Amino acid sequence: MTLIETTALTKRYPAGVVALSDLTLAVQPGIVALVGANGAGKSTFIKIILGLLPATSGTVRVLGLDPAAEPDRVRSRVGYMPEHDCLPPEQSAAELVTHLARISGLPRTAARERASETLRHVGLYEERYRQIGGYSTGMKQRVKLAQAMVHDPDLLLLDEPTNGLDPAGRDAMLDLIHRIGTEFGISIVVCSHLLGEIERICTSLIAIDGGKLLRADTVAAMTTDRDVLLVEVDEGADTLVAALAERGVAARRDGHTVLVPAGADESTYDVILDAVVAAGLPLHRLDRQRRRLSELFTNNQAPEIKGSVLHV
Amino acid sequence: MSEQTSVIHDIGYQRYSGPRLGRGYAVRSLYEHSLRTAFGVGRGMKSKIFPWGVVGVASLITVIIAAVSSTAGQRVISYVNLVDQMSVLIIIFLAVAAPELISRDLRAKVLPLYFARPVGRFDYVGAKFAALVASTWMAVGLPLVIVFAAVAFDADTVGDAWKEFTLLLGGLAYVLVLVLINAAVAMLVAACTGRRAFAAGGIVGVYLVTLPVSVVLSEIGTGAAQNLSGLPSPTMTGAGLRYWVTGDGPIDIGGFGWLYLLVSLVLVAGSIAVTHARYRRVDS
Amino acid sequence: MSVDVSGVTRWYGNVVAVNDVTMTLPPGVTGLLGPNGAGKTTLLHMIAGFLPPSRGTITAAGQRTWRNPDLYKVLGLVTEKEAVHGFLTGEQFVVASARLHRLPEPERAAARALDLVELADPRKRKLSTYSKGMRQRARLAAALVHDPQVLLLDEPFNGLDPRQRMQMMTLLHDLGNRGRTVLFSSHILEEVEQVSGTVQVMVAGRLAASGDYRTIRRLMTNRPHVFAIDSSDNRRLAAVLIGDPSVRGVSLGEDGLEVSASDFGTFTRVLPGIVRREGLRLRRLRPADESLESVFSYLVGAK
Amino acid sequence: MNATIAMITLRGLFGRRRFLLLFVLPVLLVALTAFAASSDVPAIEWSGTLLDALGLGAVVPLMALLVGIGVLGNEIDDGTIAHILAKPLARGEIIQAKLLVAVGASALVVVPAMFLVGELAEGPSLAFGLAVGSLLAVIVYSAIFVAISIVSSRPMIIALGYVVLWEGFLGNFVGGTRMLSVRHYALSLADSVSGSDLLTKQVSLPVSLVLAGVITVGATLLAVDRLRSYQLAGETG
């Protein structure tokens, strides 16, 4: 089943602002990243998926349903975690999540049971009976996540789920999202500005820029290895460059890293090691250079893709 | 001893395959939750002080009246007149409940959580309005029931008790009319601000500003001007409706009953429409 | 030194937010790190003159900071709270800042600052129509308009999209290179790593470490260094490595070996020789806990 | 005066449509007075309610409150004040600009309304008296509300409580509080200037003027000092 499918989706606001323009894509289940510049149309896209905004033209299918025609059916199968604070401080997490489960259509008993289970899965235990106002940022993010998945959606929309978290909190949240996407079997669309996070947990990526599709591909395909080896020695980088040159390998320095062309076969690895041994240097790193997602945004000549279908 | 079997139970994530009830159920759940919120049920002690304080004060007054009535053998004040005396309690209860039900959601920005579920903006406004009306009606209607209980207990015949009951229904209906009109205004004010203190001040403020206008107009004006003097104040508009039906009350509206009804309807429908329109701008 | 914090403690009632912190910030960019609630914002606000220390002294560019408005001639502050006067346009906002600084040519200074943060195009639009990232940059422009010697930023990357993040990193980097003292707090350690390796790490109100994070890592002599290794025969390499005195432990996993080395210098010197002697091919050697992320988690975990 | 701060403050005050609400009460007051004056009922019967209780007792302080807290309290509440404070400006300069804008804006809303009310109720001398009296009230109130804006974290509640309880309620029942009631200073000045029978002062004019001056200066100095020690909230999470 296709998770989200759009054809020539366009959204024009009354003021004349074009938020989405001719967007055609098909997203397969998995953990999908949605990236793009601020104001690139991500929040419009989410609103259309939730059936909160009608598209100006084009079609959109979410889990095979049309959100404009059947918003209730779509919303009962989609969970949404907003970016901003959205929790009433004077309620307990257990009570809020139970209440929202009922709003999603779960009968009273089921709502209570699932709220308690979901809060356990996101890592809130006895704190769930305390008022949310006293929670840390990390705990609040967990409650936001719990309310989004309490009704067992088939698709979770997470908007900047690691916002405001410190490094340890981010780690925990990313692990949790990864588990939800793999063990729990729920597909996830994550909006994030942090490309490092995306590389870590996502299977595929959709990049939108100025309302247009910039790139849609698997993360693996965007982070392929380059034909360059990174070598770091604690001292004597110049000695190493010279030693490599003697062996016919044209290496160059970039800061404290030595960049070596990988060559056709793996013999370069041995040449480097021989050079290091011969010069008696301490070898710190030997690794293939990989493409980074950030290159998507450093290359300014973004290819414009119109009308073509990209399967993610 | 029976053979012990060892099992590791699966307490991992379970998919949900039970029923998913529709939008009607969702709206009803929101209504019920809001009704509980209005009385501070399921919240801390602090949330209960104000609503129950109002209920307590209203009940105290009427218990005294009921006691006096039952010793005197006759009612000292009719239900509808009692309601007029308690109109300020309606305002106070609304000033407590409306910010709690409406402003608080705005302040905490919880609306996106609702709108991402099978409740629409209109459902939300409708459920909140219904809960606001119902809670205020209960809080202010309860004292009437206390008076009824006291008087009906003393009634000589079933017929007397029945007559008393119809009078009670009239009183409760009058409460409902006053609550509907004032709750519509209160909801609109509460939907304008996320700060509960401002909302409460605004609701009391509208009452405190509009009531004297009506009073000054009715004291100084004559003829039609006097008949129409109730319209600037929601509470006096409700009192005008009472006059239209019973021919009695704090204000003489002459033959303008239909106008009072029209203004009331416009007020209620208009407030709901404007509140609904306001939520269109709420970011989700 | 541009910013001098000496024996500073700040408490709120019984809660100690900042506990006996002493640091000096030279010109250049420094990242201020710490878990939530570690006291970073409190410290930034004290340096910015918006909070008096309960004990200790702070000077920025030679001036005391509390109750001293003249401080702002040489200091710029970008707070975490993103509030702006939404009814002003970006240009009006920055020009107003320039005027309040009594700059001789406020319009020109504002134009320069707007250029610097790449807001020249939308400068005629009201701030209320700006996105979070644009507002963030408008506030930065207002804080930069008088070209301050000291610039303090609380979570400046918040809300920025990938491209804006890169611009912001470049901007901070350039300011540091031009001799300005820049102190910024952030939770995104990869970015701190890219902007500047120099950090001040706060843990529970205390200053846990200062300096270049790589050097800080080397100072943690009680922590074995962990390397991820992949070779043509991992099992054999593991058997050989475990016999070497510089190796504390080896574990064999699906995608290679994880080696903890007790002595950093010795291991990195002996490894290449061992591999070649055994006739193996080393495909990957990657220090697994050298990143700012690992350094940070060690510092926080150590308490 | 610092023109930039005044400009920002003014735009903050009038830049939104919300400021139209400021005119609702004064217009209502004038309309009611016009209606009452057109009736046959003698002015002495309603002047106490409209001129004193509603006018000087409610409309004037409430407008000064909304404006006074609007010029500083709102900026403190939403955090934008930090942009103005992080500038090399004497704090007195900031308060001075804010205060002048507050007085000007409140006076613009209130003084013409009170003038009209006096004109409708009796004539030019009462009109002039009420205009001068309300101007005095606006000045003192503005200083008080600007000070409350920075002293309290919930200025609106404190200020409303002060207006309703102290100025509106206590003054009518507890004689001693009249000496410290801005409403009575305004009444005293309006009565002295107009000599109208519709007003009855209860505090002598010299006492009123001296106390009004003392309160204004005191509140302003307090505001300047508190702004000098303005603290940003610390750790958020």
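We just call them A, B, C and D in the order they show up, numbering each chain from 1.
Keep this in mind: a residue touches a chain if its C-beta (ideal position, glycine included) is under 8 Å from a C-beta of that chain, and two chains touch if they have at least 3 such contacts.
Predicted, not measured: the structure shown is a model, and the values here were computed from it.
Enquirer: What's the minimum number of touch steps needed to get from subunit B to subunit C?
Expert: Shortest path length, in steps: 2.
Enquirer: Count the C-beta contact pairs for B-D and for A-B, then tell me which is higher.
Expert: Result of the comparison of B-D and A-B: A-B.
Enquirer: Of the other chains, whose C-alpha centre is the longest way from the centre of subunit A?
Expert: Comparing chain centres, D lies farthest from subunit A.
Enquirer: Can you give the whole-Å distance between the Cα centres of subunit A and subunit D?
Expert: That pair's centroid distance is 54 Å.
Enquirer: Measuring from the mean C-alpha position of subunit B to the mean C-alpha position of subunit D, what distance in angstrom results?
Expert: 35
Enquirer: I'd like the Å distance between the centres of subunit C and subunit D, where a centre is the mean of that chain's Cα atoms.
Expert: 48
Enquirer: Hunt down the residues of subunit A that sit against at least two other chains at once, touch-wise.
Expert: Answer for subunit A, listing residues that touch two or more other chains: 136-137, 164.
Enquirer: Going by the touch rule set out above, which residues of subunit D reach two or more other chains?
Expert: Answer for subunit D, listing residues that touch two or more other chains: 237.
Enquirer: Which residues of subunit B touch subunit D in the complex?
Expert: For subunit B paired with subunit D, touching residues are 195, 197-198, 201, 209, 212-213, 216-217, 219-222.
Enquirer: Provide the residue numbers of subunit C that touch subunit A in the complex, in ascending order.
Expert: My answer: residues 34-37, 131-134, 158-166, 187-190, 265, 268-269, 271-273, 275-276, 281-287, 293, 296-297, 300.
Enquirer: Across the complex, what residues on subunit D touch subunit B?
Expert: 25, 28, 32, 35-36, 39, 41, 46, 49-50, 54, 154, 156-157, 160
Enquirer: Along subunit B, where are the residues that touch subunit A in the complex?
Expert: Residues of subunit B touching subunit A: 12-16, 18-23, 25-26, 29-30, 33, 42-44, 47, 104-105, 108-110, 112-120, 284.
Enquirer: Mind listing the subunit A positions that touch subunit B in their complex?
Expert: For this pair, the touching residues of subunit A are 47, 50, 52, 71-72, 75-76, 78-80, 82, 84-91, 95, 99-100, 102-107, 110, 114, 117, 121, 131, 147, 151-152, 180, 183-185.
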